[in-house]
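For clarity, chains are labelled A, B and C in written order, and residue numbers in each chain start from 1.
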Amino acid sequence: MKFQKILSLGVLSAAMIAGTASADVRDIRIGVDVPYEPMEFRTPDGELTGFDIDLGNALCAEIGIQCEWVVQGWDGIIPGLKARKYDAIMSSMTINEQRREQVLFSDPYITPPSAWFAPADSEITTPDTESLDGKSIGVQRGTLQDNYVTDMYGDVADVNRYATADDMVLDMDAGRLDIAFLDFPIGKSTLIDSEAGDYKTVGETISEPVEYFGEGFGIAFRQRDGELAEAFNEALSTLKANGTYDEIEAKYFGE
Amino acid sequence: MIDLHGYGPRLFEGALITVELAVLSLLLAIVLGLATASAKMSRHWGLRQLGTLYTTVIRGVPDLVLMMLLFFGGQIGINMVTDWLYYQFDVDIFINVNEFVAGVVTIGLIFGAYMGETFRGAFMAVDSGQIEAGRAYGMRPWLVFRRIRFPQMMRHALPGLSNNWMVLLKTTALVSVIGLSDMVRVASEASKATREPFTFMIIVAAVYLLIASVSEWGFARLQKRYDIGYGEAN
Amino acid sequence: MDALMNWLEARLADNSIFTLQTLGYYGDGLVTTVQLVFLSLIIGVVLAVPLAIGRGSKKAWVRLPIFFYCYVFRGTPLLVQLYLIYYGVVFVEGIQETWLWVILEKPFVPALIAFTLNTGAYTTEIFRGAIKSTPRGEIEAARAYGMSWGLMMRRIVLPSAFRRALPAYGNEVIFMLHASAIASVVTLMDLTGAARFVYARFYAPFDAFLFVAAIYLCLTFSIIFFFRRLENRLLAHLRPAGH
């Protein structure tokens, strides 16, 4: 018992030293696009919540800085970072080569696949150029799912691009879309677990090829803020080691 | 009673943002409009051309496209300048363009062009005899402007001004597309989360109608004031 | 055609944003925008003529509903009207089972309905103003000839009212072109939709939006030019007498 206490004290002081060492890492603002349940969304009274928000706050607390969340539409989120409207993006952003040319990524903090979602009575079983011919596909504008669907099925299917995932769900409920291509946890939470309609996943979850689907979600920083990215990477491994990460994960993805 | 699912307070805040945005951009538009009208009536060829270029380009491109250009591109443009300053002179400044400021500037810039046309027509409608009379009294140009040209111009400009205001008010709805939480954005978020589009959008429509009706009434009263000295033919 | 494509491809070789694919999006967007604006204007005018006449009716049950329609559609943002119609039709009980759904399913028709109702309201007011300002002498002359109300409307009042309405209507056409930019919020790939796609994919706001702004500018100028020509021809009698 005593030994454990000493150990945790040691970890604490190590964290404090790390805190002072990165004293030049100032308080920062983090850009996020809502709603993207369960990763980031608002309660009716306007408060931000979700996996990214909780993890982000825990990371900031670990580093010992104040973090402020800035809501920004998805299609302006990278320009907003470059434009210094905020200092980091933590908004279910997949790490890929195309984005790496624009921003600096942290280590991946979660790696969810993408998946096809369709109404429960849909006849599509394996999405390919044949079964999707002439169908309406829903994606969120500017996401890797948009790029993938545009390049793979843009010529045969009707690709509908939405500003937010919620817009898409509304059209899905209305019967305007035959199928949607989304990050798996988002589709699960907004379509499968929702009360409004009856949905199912179609085919396998997809995380290949890497040129489209990248290496998981990362926190994005400006290229010149290497120190900041390093501080977040360190904090992330601490949270994974001390169980905080698992707690947050269980809160949003637990059964 | 209508069930707002707890979105009531945010909807109210959104309505306030809409009004603030509309009023501030109207003020900016009036200032820009006066400047443009003066430029277009100037003796300098360059100023006249500049005024014409501004009104032509702005009135030729959709509001939404201008808004996206200024909002997404504007900050990058400003940063190019500040980055250049940083590398050249080691001066590190940062100017932040938030959605609200971007909205005010864009809408102000757009309606400045329309106001410019309104004011130019109104200035030209002021009887030149009045201006000459002012000069004959030994008034300086600024005094002539304040006492004679401006009040008389306003009489002619008011109908156009009120028209521009009504259009401007409705244009504020577009800021919801670039991400500012005005009442349209709150309503669209709420209707998607609750899947009740009618409830929230009809409330928003009613608020717009209310603001429009109130301002119509206000402009009618103003017109009456500026019409003093002119008989009504009926 | 192939030669042209090859030439174009060579021109675009050292350009990562304006590829044949993205230019294709802009091209399709142009078609969608022009279709949407043109159709809504045509239907809007057809709607506006009887409404403008009815708006001046002595019977309150004719006049008031038209007044209310104009008041609501001119007093609220087109964006709100579009949201209401696009998302609203879905909530009509059982609509998914009827033939109507085939046309309402895609965003084009709901957008067209919203735009038509909107421009219809503005055009009604424009025509109403023009009809109201018909010189009294013309009406008295028509009556003196023993013309019926219908004949007078057809031969005297409407033709001269259309001419007077022309400048204001020209503005309405430009206004509609610009207003149509919001079609992209309900997933229509119009010109602005194409620009937003290119912007989101390449993070290049200047390229994406300046290019589309230039296209809109050209469209606006064409409309202005067309209406100038039309005014010159139709309003020739209003110009000061030539030498």
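Heads up, the rule we're going with is that a contact is a pair of C-beta atoms (placed from the backbone, for glycine too) under 8 Å apart; a residue touches a chain by one contact, two chains touch by 3 or more.
Note that this is a predicted model, so its numbers are computed, not measured.
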Topology of the chain contact graph, where touching chains are joined (line, ring, star, complete, other): complete
A-B or B-C, whichever has more C-beta pairs in contact: B-C
Averaged-CA centre spacing for the pair subunit C and subunit A, given as whole angstrom: 40
Rounded Å distance, subunit A centre to subunit B centre (Cα mean): 38
Distance from the mean Cα position of subunit C to that of subunit B, given in whole angstrom: 23
Subunit B residues counted as touching two or more neighbouring chains: 72, 76, 177, 197
Shared-contact residues (touching 2 or more other chains) in subunit A: 79, 163, 170, 173
Subunit C, residues touching no fewer than two other chains: 87, 185, 196, 199, 205
For the subunit B and subunit A complex, residues of the former touching the latter: 5-7, 9-10, 71-72, 75-76, 79, 94, 96-98, 177-179, 181, 189-190, 192-193, 195, 197
Contact set on subunit A toward subunit C in their complex: 74-75, 78-79, 102, 141-142, 146-147, 160-163, 170-171, 173-176
Subunit C contact footprint on subunit B (complex, rising order): 57, 59-66, 68-69, 72-73, 76, 166, 170-174, 176-177, 184, 188, 191, 197-198, 201-202, 204-205, 208-209, 212-213
Footprint of subunit A on subunit C - complex, ascending: 87, 90, 96, 101, 105-107, 185, 187, 189, 193, 196-197, 199-201, 203, 205
Touching residues (chain side subunit A, partner subunit B) in the complex: 35, 42, 44-46, 71-73, 76, 79-80, 82-85, 163-164, 166-167, 169-170, 173, 196
